[in-house]
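Chain lettering (A, B, C and D) follows the sequence in which the chains are written, and residue indices restart at 1 in each chain.
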Amino acid sequence: MYFASDNAGPAHPKVLEALVAANTGYAMGYGADPIMDEVRAMVRDLFDAPQAAVYLTATGTAANAILLATLANPWDTIFCAPMAHIQEDECNAPEFYSNAKLTLVPATNAKMTPDALRAAMLAEQTRGVHGPQRGPVSITQVTEKGTVHTVAEIRALAEVAHECGSKVHLDGARFCNALVALGCSAAEMTWKSGVDVVSFGGTKNGLMGVEACVIFDPKLAWEFELRRKRGGHLFSKHRYLSAQMKAYMTDDLWHDMATAANAACQRLADGLRGYNSAELLFEPEANMIFVRLPRRDHQRLMAAGAVYYTWDGDPAVGDPDEPLTARLVTDWSMTQDGVDQFLQILRS
Amino acid sequence: MYFASDNAGPAHPKVLEALVAANTGYAMGYGADPIMDEVRAMVRDLFDAPQAAVYLTATGTAANAILLATLANPWDTIFCAPMAHIQEDECNAPEFYSNAKLTLVPATNAKMTPDALRAAMLAEQTRGVHGPQRGPVSITQVTEKGTVHTVAEIRALAEVAHECGSKVHLDGARFCNALVALGCSAAEMTWKSGVDVVSFGGTKNGLMGVEACVIFDPKLAWEFELRRKRGGHLFSKHRYLSAQMKAYMTDDLWHDMATAANAACQRLADGLRGYNSAELLFEPEANMIFVRLPRRDHQRLMAAGAVYYTWDGDPAVGDPDEPLTARLVTDWSMTQDGVDQFLQILRS
Amino acid sequence: MYFASDNAGPAHPKVLEALVAANTGYAMGYGADPIMDEVRAMVRDLFDAPQAAVYLTATGTAANAILLATLANPWDTIFCAPMAHIQEDECNAPEFYSNAKLTLVPATNAKMTPDALRAAMLAEQTRGVHGPQRGPVSITQVTEKGTVHTVAEIRALAEVAHECGSKVHLDGARFCNALVALGCSAAEMTWKSGVDVVSFGGTKNGLMGVEACVIFDPKLAWEFELRRKRGGHLFSKHRYLSAQMKAYMTDDLWHDMATAANAACQRLADGLRGYNSAELLFEPEANMIFVRLPRRDHQRLMAAGAVYYTWDGDPAVGDPDEPLTARLVTDWSMTQDGVDQFLQILRS
Amino acid sequence: MYFASDNAGPAHPKVLEALVAANTGYAMGYGADPIMDEVRAMVRDLFDAPQAAVYLTATGTAANAILLATLANPWDTIFCAPMAHIQEDECNAPEFYSNAKLTLVPATNAKMTPDALRAAMLAEQTRGVHGPQRGPVSITQVTEKGTVHTVAEIRALAEVAHECGSKVHLDGARFCNALVALGCSAAEMTWKSGVDVVSFGGTKNGLMGVEACVIFDPKLAWEFELRRKRGGHLFSKHRYLSAQMKAYMTDDLWHDMATAANAACQRLADGLRGYNSAELLFEPEANMIFVRLPRRDHQRLMAAGAVYYTWDGDPAVGDPDEPLTARLVTDWSMTQDGVDQFLQILRS
């Protein structure tokens, strides 16, 4: 009953097998390993983007920050939702790598609306040299509230960005969960909708620690490489990143894992909907739920061993009727039993 | 016959076993995993430093840059040898993380001398607010030329640094190779000799990609944590870093691997000393050799499959008698046979 | 009839006289000129702060950015109102100097409320190493909307900041206009109310280009000096900054000029209040007015030579009845005649 | 007898007159003042560069750092002489603005030689993504040792830079002293010899504090403007910078002042050459002399009121025969009498 995060579960056994298989003999370092050649081809295939530059980093914060820095000038402002990971959870990494600032665009269901984005972008360039300049737009998919932008929503945001002369970054830490939820292609969710660069997440979906950075315009590639190295994110023994990503791409392992995570979440959501005191704050579309439950329910769940975060109060102390919000995240390894056990305790 | 780098060989099988063993169930992320508790204790034991703060990063560049940034102010200059990795091979990462600059101190056998260091440090603070201020001193152990500072040499440099009010960083990408070469304790080579923070390398010595950052003054720990996170170097699935480092520390695996690498290097050096046209540029003390050989020798070796770098000319084209310098590095997995085969081809 | 900005008018003749007087013989540079000794004493007197460190910069952006960088760590966030000059009009200079980010605190009458500040500060430290850390609070006095914080309001904000372990910066580009409006002492408006560092503006109040940076805790002084130099803001021929500030302090010239500017503004406000179609958006308390007037009024005024900015539409083109907002700023040199002429044209 | 620096003397009276003349009525700020239009035309005329972008800053450090940042990427290294002002006397400002690092090129007579520059530039790009990339070359003219690059020397350095794909910055803090010494045109000393951007100094040559930044390729102009603003170096009351520079350009005031400074220096050098114990370390070509004199001579001169710096020892204490090096700088206001009095005391 571990719902604290999708980065707390194990990696898929196939990932470990791939590491073991890669661990023989000598291999060129720094991305020149032959497995990376395979990975590059596989990621290009997935995205239907034969010219795309493809790089690996070991953390999502690195992927986001280096990609944004490649798109932004130091005097720019980057547009994102107020609850974006790059705003809330990266300890200023995007600002550190880019020297730019962030402009928070009002969001509905954790998604910027095209109108709000346009208003923010127009407001940001009325002061000439005095104000920050318009930089890239960053879209989080799946959002930090568990909602998923439709392809049309991404396209609408990208159109506003491009009208304003800006490029579009997709923070896809949960890219595969979104892709499975939408049932569309990776190309449709990205470059066909106007996305310029993607953080294609693996860590939250069953890898040990690898994200692919996909850059559709190869002219940006060399700058990315320099920024990655300068940030200390170029791995000497790169084959161990490559091997993970190859396992991810092989036989669509990413798809199986995201499907399992999303299904567990839907099962959980269905169960919660049938429980009187539960209030779902957002419509769960991928693998993350925000639910309000009375403190007494949290106490019962936690006493039984359920693990998850609440933000708006101490579940241990206070009025038993007071509702507190839990974030429940499911990963690829969450079992039907784990979900059912959670629901059963809740209902008991 | 792969002598290009000690980051090109495989990880030790025990490291992979440790990863597989760690890959069960849920674990807290971001360094709060229980394996990290063991690692912390083991590293403190090794260094005989019960109060030290211990952190992991996945690359040596990250370890160096974040540690130096924790010691240096943006208006400082960091003192190092001209061939230091932080100067030559990190694409400005130390400057990026610290905003400080580097002052190159003349070196003998790739080691700064105390006199040269003192002269550089004195020169650096004669201009008040106009010049950069004195920042930390960074010592590379093993040096980039394969030489090893004695404990007395480290102590002498650290004394100059401390006299000048500066702290001391040890870039120990090949820490264990040096320790084995010197036969001293980790404490003697570091804090007992005046070193304040250490990049304790694992990647070049048989891990997949982990370095420990050891900070003897725990008051610096929180700043390090923030800088690591802000640089995108805090791993969510941290247990996979911890597991590698635990394997490294268990039964002194680090010692076995460094001993094997150094022994292969000595065998290689002994063979080269007996070969007429070979000129060793530095006394090989750990696992790295610089040797000048006529181009014809390089051609014969490379044709037979030997892999290594030369810097001062194209081995394929030119006067067959012209001497070119090779760097030969041995890692833990280098066999006696590999070395002997190399020497045999040279002599043939 | 020039109301575009208080940085568009001339310097006071006494400032030029002071420059001419200072322009004889040799003088030590970089702040070691004897006039600066006098300035330091005079500013300390004004603030009743005998230990304060006092420095000069030539622009307000430099004063703000360097002071904030002296208070903030790179992983911090600085709290300010959404319309603060540091957010809107400095092209990321505070972020450039500090590497920190800004958190925009909702404001009423362009003033953060203590409750909103507390909520923002509490929200900003719930994520440990993942989120930015709490940095300084920056208060703009006079605000960018022409309102003035009372001493009690400053104290209330500073108390919240200090409770949260943060320091307080006062952006006093129009410090003297506020001081005259409140009729309090400089000490009451600053350190007695919990302010830690002050940008004490001169440029907008009759100098050519000088701001004093007042730092009540002298332990921060050396860092400020290094940051000023590193930013290229330490003047070699410093006496020409000192001379301006000395003229400003002599016989309270600052007071006379701010009084004149505020009086012109009140005369203008009184006139506008008596004009039917004028709507004052904020209560003018110092030397700046925001007033909504129908486009036809703007056209008549501008045709007659009045100069000022409107933001929410083109005064030249559109429905003559549509109201547009003008910002009207008065400086020390604005005459009664200038104001009266403006009002007369409006009423004509 | 003040020879400590050319930034310690007064500004020319015509500069003050120009300020007084500019101090009437309202003027647009931030460089949109009409005097700046005149300045732009005059500087373009002087440089015979009708398309050049021309901007003003108030300090030379700002001019250098912002221009270099406009030419350099954060992962670059900037090539300069070891004694360059940007290396020694700007407290990391170039690194702060550009995030790049500096590579020190061995110099003869304080001038990089083309061979040394070529060697440094070739060495700097053998490590691909691992090492810093080649950034701009910065030439100091007059050098920090008082020598002057001939036009041919500048051209030869610029050719190396351009061969390597790099741009050329001229730090012309003493530009006019060099121009007078060489008797060539500003165009010959800059763009006709391959210089891309110039810090055209005024402060050390009789202004209060203004440098022009001349950018021959106007495509770089907007980036420069943003960097200047972001650094806090865009003046609101810009007319007071413009007025100084206009006075400088009017009737070639710059030429008269540089001629006077150089002549005083030559008179001083001639006198020193006739004095037995004096050893000139560099051939004085502009307005700066380095001379070794026995301590007893320094003591006599200083006792008589001469003011200047020595670096290699305390003039007050020690062996009276020990030679110490003095730096003697003359500015436009140095009189024949001042020089003669100095020489007379020396000889007495």
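Note that contacts are C-beta pairs under 8 Å (C-beta built on N, C-alpha and C of every residue); 3 or more make two chains touch, one makes a residue touch a chain.
Just so it is clear, the model here is predicted, and its values are computed rather than measured.
A repeat of the B-C interface exists among B-D, A-B or A-D; more than half of the contact pairs are identical by residue number at A-D. The interface with the greater count of contacting C-beta pairs, when A-C is set against C-D, is C-D. One finds 42 Å separating the Cα centroids of subunit A and subunit C. Rounded to a whole number, the gap between the C-alpha centres of subunit C and subunit D is 34 angstrom. Residue positions 74-75, 90-92, 96, 129-130, 133, 226, 229-230, 234 of subunit D are each in touch with at least two other chains. Against subunit C, the residues of subunit A that register as touching in their complex are 74-75, 77, 88-92, 95-96, 99-102, 104, 126-127, 129-133, 311. On subunit C, the positions that touch subunit D within their shared complex are 2, 4-5, 7-11, 13, 16, 19-20, 23-29, 57-66, 90-93, 96-97, 203-204, 208-209, 226, 229-237, 240, 307. Residues 30, 73-75, 129-130, 133, 225-227, 229-230, 234 of subunit C touch subunit B in their complex.
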